[in-house]
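Going by the order they are written in, the chains are A, B, C and D; count residues from 1 in each one.
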Amino acid sequence: MNLSRRKFFINFGKGAGYLALVASLPQMAWAKWNQKAFTATNLDAAIKAKYGELPIVDSKEVNLKAPAIAENGAVVPVKVKSSLADVKSISLFVKDNPSPLTTTLNLGKNSLADIQIRIRMGKTSEVIAIVESGGKLHRASQQVKVTIGGCGG
Amino acid sequence: MRRKITFAVLAVCFLSLAACSDDNNDSSTSEPASVKKTEAVNYQDKVNQDVKSFRAFYSNKFPNVELTEFKDGVYAIDQATREQWLEIEEFPPYELSIDEGQEFFEAPFANGKSYRDCFKNVDQGIRQNYPFFDSASQQVVTLELAINQCRENNAEPALEYGMGELAAISAYIANLSREKVFDIKVPTKEAYTAYMSGKQFFYSKRGQLNFSCADCHLKIAGSNLRADVLSPAIGHPTGMPVYRSNWGELGTIGHRYRECNKNVRSEPLAYQSEAYRNLEFYQTIMSNGLAVNGPSSRK
Amino acid sequence: MATKIKIKVKAKEKKGIVKAKLLVKHPMESGMRKDKAGQLIPIHHLKEVKVDYKGETVFHGEFGTGVSKDPFVAFAFKGTAGDKFTVDAVDSKGNTGNVEVKIK
Amino acid sequence: MKLIKFTSIIIAVLFANSILAGPAEEAIEKADKTRLEAKARGFEWSTTSILLMKAKTALAAGDNALAEKLANQAQKEGENAIIQADYAQLHWQESIPL
């Protein structure tokens, strides 16, 4: 973990040095933030870092709702619902973001697979929701267009 | 030396050209005829006429939008983005600012008094009464100006206009005034002069891009400017202050004016400058009859 | 210099399902943005939010810089009106915040 | 108003003559005066001060030709802004489509 963290900062060059200091501050006991997955720079690496070799299937039981055209790439409302049983986690990836993994939402056994979040998108991209359930990854994706603003209307 | 002479000659040429063009157009009215009238003039009537034709313009342009719906800004006329906006309004980021604003509002000044001593009816809603023409000081008083006047009267330093604490206090006050309807009056000749100055600003082209407020937000409201749908000017002031995702923060109407000016490559004026206050006065009057729905969220 | 993270929560129960909406005040600096002087603003983002109800973690969000400024997240779990749950947050600088919420 | 404008430019030119400055410096000074005149009218373009800043940088770097060119651009912008202000003052009511 420490190694990969260091590597990441080296990759990001100077100026990030003191960030390493910040990042190495003592974390809360329950923290399990997946450094490697969040800093991966392409989709496949991010999914692999997050979920290892779990098989991925496209699923109609994952309902991803995102706008076809984002009003503002800085705030894109996304909803994910699933009828799958025993959902452990829901992750959202933006394929063409510098770091594709935006969030992983881990659920408990009394939770419902019904989440909403607002994410950032640097440019037009595919948005992928991955629902972890029954030892498999269930995927849904949608293209979200991000336009370059004029004056904010 | 030769160059300097050339400059001078050029300058003279340029001036005479400008003079020529002025002469050619002198036949048009150079100032509002109404200002010259005697005391018998009912300024409110004149303003009401303006309001009526201003609205008629938008009603013709957007026949399916009820007048009162214009308070939602661009989302009143753009269904595609309205849905995303409604989702954000479910739990808008400005709610955190309202809470902050309340804390600031209730914190006592060093002299033991507080904002409440200046804004006694805050709980009943006061946002809809601003801006107004203050006959004592002979100027337009906006809510933001009044907040800072309150501070100064209590020996507190003025807050920065634009963003931050002042915007948060403004948001708290606006939130307590929701659903209250704007009905700003123009009772006197002096108030009418301020109103006309705001109107003139609204219709004056400026900046390198040579756009007036009216060019974008009246004439071609609803059209796309690059990726943005231009919002109608009616309903602009109702949702202030505004949390813009572009800013990632809450800001006052003055902040938006400055940004708009920059967008047309015009050097922004100072916060709460007379010109901006008069513009806010004019714009709010054009939105009379609409309800307070600030603070609001916009892209 | 740890600052407390501000969290605002709305939670309503309907037919045994609690729908919770959460708003966190956070700049979510990506580490790629520059300030006016052209200097990179250091990365600073919300990292995790944990929600505990009756001794069980019903929600545990991990967030990267791809989440919008002032993060918003909504989730749902089985619960009862009048009960309370806790929300704990931590960011990349080690700042924390917590709040106890009563279900309406 | 025109008289003031005229006088100020003449003064600017005379003043510039008197201090034995190079053409680039004069051009910068003149353009800055025009810019301030536009600013006083509330019509300054946001691009003008950037041009002037670049002109000053070029001057400091010894590129007088570039400095002068940029200053002249700034001057033109200032003049246009003043024309814009004059025009708005006289004709703003004509652009009311109501």
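In this text, a contact is a pair of C-beta atoms (placed from the backbone, for glycine too) under 8 Å apart; a residue touches a chain by one contact, two chains touch by 3 or more.
What you see is a predicted model, and the numbers here were worked out from it, not measured in a lab.
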item: Pair of chains joined by the greatest number of C-beta pairs in contact; value: A-C
item: Distance from subunit C to subunit A - Cα centre to Cα centre, in angstrom; value: 16
item: Intercentroid distance (Cα basis), subunit D paired with subunit C, Å; value: 52
item: Chain centre separation (subunit A, subunit B; CA means) in Å; value: 40
item: Averaged-CA centre spacing for the pair subunit D and subunit B, given as whole angstrom; value: 29
item: Subunit B, residues touching no fewer than two other chains; value: 88, 245, 248
item: Shared interface positions of subunit A, touching two or more other chains; value: 74-76, 116, 118
item: All touching chain pairs, where touch follows the definition stated at the start; value: A-B, A-C, B-C, B-D
item: Contact set on subunit C toward subunit A in their complex; value: 17, 21, 28, 30-32, 39-40, 42-44, 47-48, 50, 53, 56-69, 71-79, 88, 90, 92-94, 96
item: Subunit C partner contacts - residues on subunit B that touch it in the complex; value: 88, 90-91, 93, 95-96, 99, 245, 248
item: Interface residues, subunit C side, partner subunit B - complex; value: 6, 8, 10, 21, 23, 25, 27, 68-70, 72, 74
item: Touching residues (chain side subunit D, partner subunit B) in the complex; value: 2, 5-6, 9-10, 13, 16-17, 23, 26, 30, 39, 42-49, 77, 79, 81-98
item: Subunit A - residues contacting subunit C, complex; value: 12, 15-16, 18-19, 22-23, 25-28, 30-34, 38, 74-76, 94, 97-112, 114-121
